[in-house]
Amino acid sequence: MTGNAVLREVTLTLPMLPDMEVAASKTATAMAEYMQMTPDRIDEVRMAVIEACINAFEHSHAPDRKVYMTFEVLGGGEPELLRISVRDTGIGFAPEEREKPQMVKKLTDKNKRGWGLEIIEGLMDSVEIDSSAGGGTTVVMSKRR
Amino acid sequence: MTGNAVLREVTLTLPMLPDMEVAASKTATAMAEYMQMTPDRIDEVRMAVIEACINAFEHSHAPDRKVYMTFEVLGGGEPELLRISVRDTGIGFAPEEREKPQMVKKLTDKNKRGWGLEIIEGLMDSVEIDSSAGGGTTVVMSKRR
Amino acid sequence: MTESLRVTVDRQDGFAIVYTEGYINNQGGEEIARVAYQLIDEGRKILLLNLNGTKIVNSIGISILIEIIEKMIEIDGKLGFCSLTPTIAKTFEIMGLSQYAQIFPDETQALAGLHPPA
Amino acid sequence: MTESLRVTVDRQDGFAIVYTEGYINNQGGEEIARVAYQLIDEGRKILLLNLNGTKIVNSIGISILIEIIEKMIEIDGKLGFCSLTPTIAKTFEIMGLSQYAQIFPDETQALAGLHPPA
């Protein structure tokens, strides 16, 4: 049984500036290490956090140039799940209209980008995106210990 | 000349719970690494952050059980100074009345504690404490790159 | 700031090994591409990217690596990768990149697998 | 959570080496003290704390180590430390702890300096 009490909650606010995604990934690492997640899984969380941050940096056009993150450790007694939320107050987008990138196409396409969300979904256990035009974007991603 | 523009500002809010000081120290490490501080100096910052956090955890009796931190990178163009502030909304204390701990006394004293601020002052380049009865405590500590 | 990617090259006849150290973000990816195109211009058709010194990458950096793969397919060359962290390997798998560039556990196996000219 | 301190002991005649791995916080300090008092109870008067596996400590943990030093002074024994990170060494210096417990760069020099019974 997975308890869903929030055992620990840490919030981090970052400026949308080069390399700040690395700071976010270190905080994620600290929380995952606290939970005694395995090093390989910690590394996957780290990469997902980097992708979510650079998406906000690059695409959100948030006027305050800030990313708001929360790191929550959930569980029933013992830590079981790490839930990370990455929020911006930018222009938003329609996640359901996103096209799944395909390498065979990207190889000849001029635009080789479009992998961030795909990578996040592949590395985390679950990902939810809440975004709307003008209403900003919140990506909530979780990984079990 | 030391420029004093704030080049980067990151804020972190932590619960006053066991091991959360380690999360704070990781964020500090990330900011210090961003500045390319030397590993030994980064390690000193990390230890100072741990001490400031456990002071707030242990002594503040803050009703919200939270520590509010900011990490600022200052400089004129290039990062030159890391300034870290550790704030709680607790009972406060009178820093000027603090007695400097002496090992010769502590060795026979029943209370062997009282080293945290001494260590912070020894490891950081400058430390300022703003505290008042009922008004909470803010420790601002800085270290050059 | 944050230390930028260091790239070193071991040039051999007809092929080369490119070693990276640090974060492969956009600048890091561009630095690798610069070096790779130079090696291609020099006539090399087989390149091995040894990422042993790289513990983090981002998708912007990887998209620049995809450009190098495209170029390699064009000139009928080969790009191999070796010594990836498990997360980077998994990311390449997720992207389907491993179908277009060979991934090897280490340099020895890469050199055997890429068949560079002796 | 966060992995707790692991302590291992190398018992020798009349002295012992205590190895730590992990964070010396209050629990970590208490674990070291428990082991140290047991070694003292067994009749050992010379202890070496090898902190090679410890990269962080806090002042609560150190204050427990001061208790061990007090005990050692009482029984006319010796407590030495070796293999400290530069920051832990500097912290011991700041506290004046290095006047009451000998600090050695490594185990070899500690064993030579503490003169344990041969």
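Letters A, B, C and D mark the chains in the order given here, with residues in each chain numbered from 1 onward.
The criterion applied here is as follows: a residue touches a chain if its C-beta (ideal position, glycine included) is under 8 Å from a C-beta of that chain, and two chains touch if they have at least 3 such contacts.
What you see is a predicted model, and the numbers here were worked out from it, not measured in a lab.
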item: Subunit D and subunit B - chains in contact with each; value: A
item: Fewest hops from subunit A to subunit C - one hop per pair of touching chains; value: 1
item: Subunit C-subunit D separation of Cα centroids, rounded to whole Å; value: 47
item: Separation of subunit B from subunit C, taking each centre as the mean of its C-alpha atoms, in whole Å; value: 42
item: Subunit A and subunit B, separation of their C-alpha mean positions in angstrom; value: 28
item: Touching two or more other chains - residues of subunit B; value: 19, 22, 25, 33-34
item: Subunit C: positions in contact with at least two other chains; value: 1-2
item: Graph class of chain-chain contacts, one of line, ring, star, complete, other; value: other
item: Complete list of chain pairs which touch one another; value: A-B, A-C, A-D, B-C, B-D
item: Subunit B residues touching subunit D - in the complex, by the definition given at the top; value: 18-19, 21-22, 25, 40, 43-44, 46-47, 50-51, 54, 101-104, 106-108, 112-113, 115-116, 118-119, 122-123
item: For the subunit B and subunit A complex, residues of the former touching the latter; value: 8-15, 17, 19-20, 22-23, 25-27, 29-31, 33-34
item: Subunit A-facing residues of subunit C, complex; value: 1-2, 23, 55-60, 62-64, 66-67, 69-70, 73, 85-87, 90-91, 94-97, 99-100
item: Touching residues (chain side subunit A, partner subunit D) in the complex; value: 33-36, 78-79
item: Touching residues on subunit C, where the partner in the complex is subunit B; value: 1-3
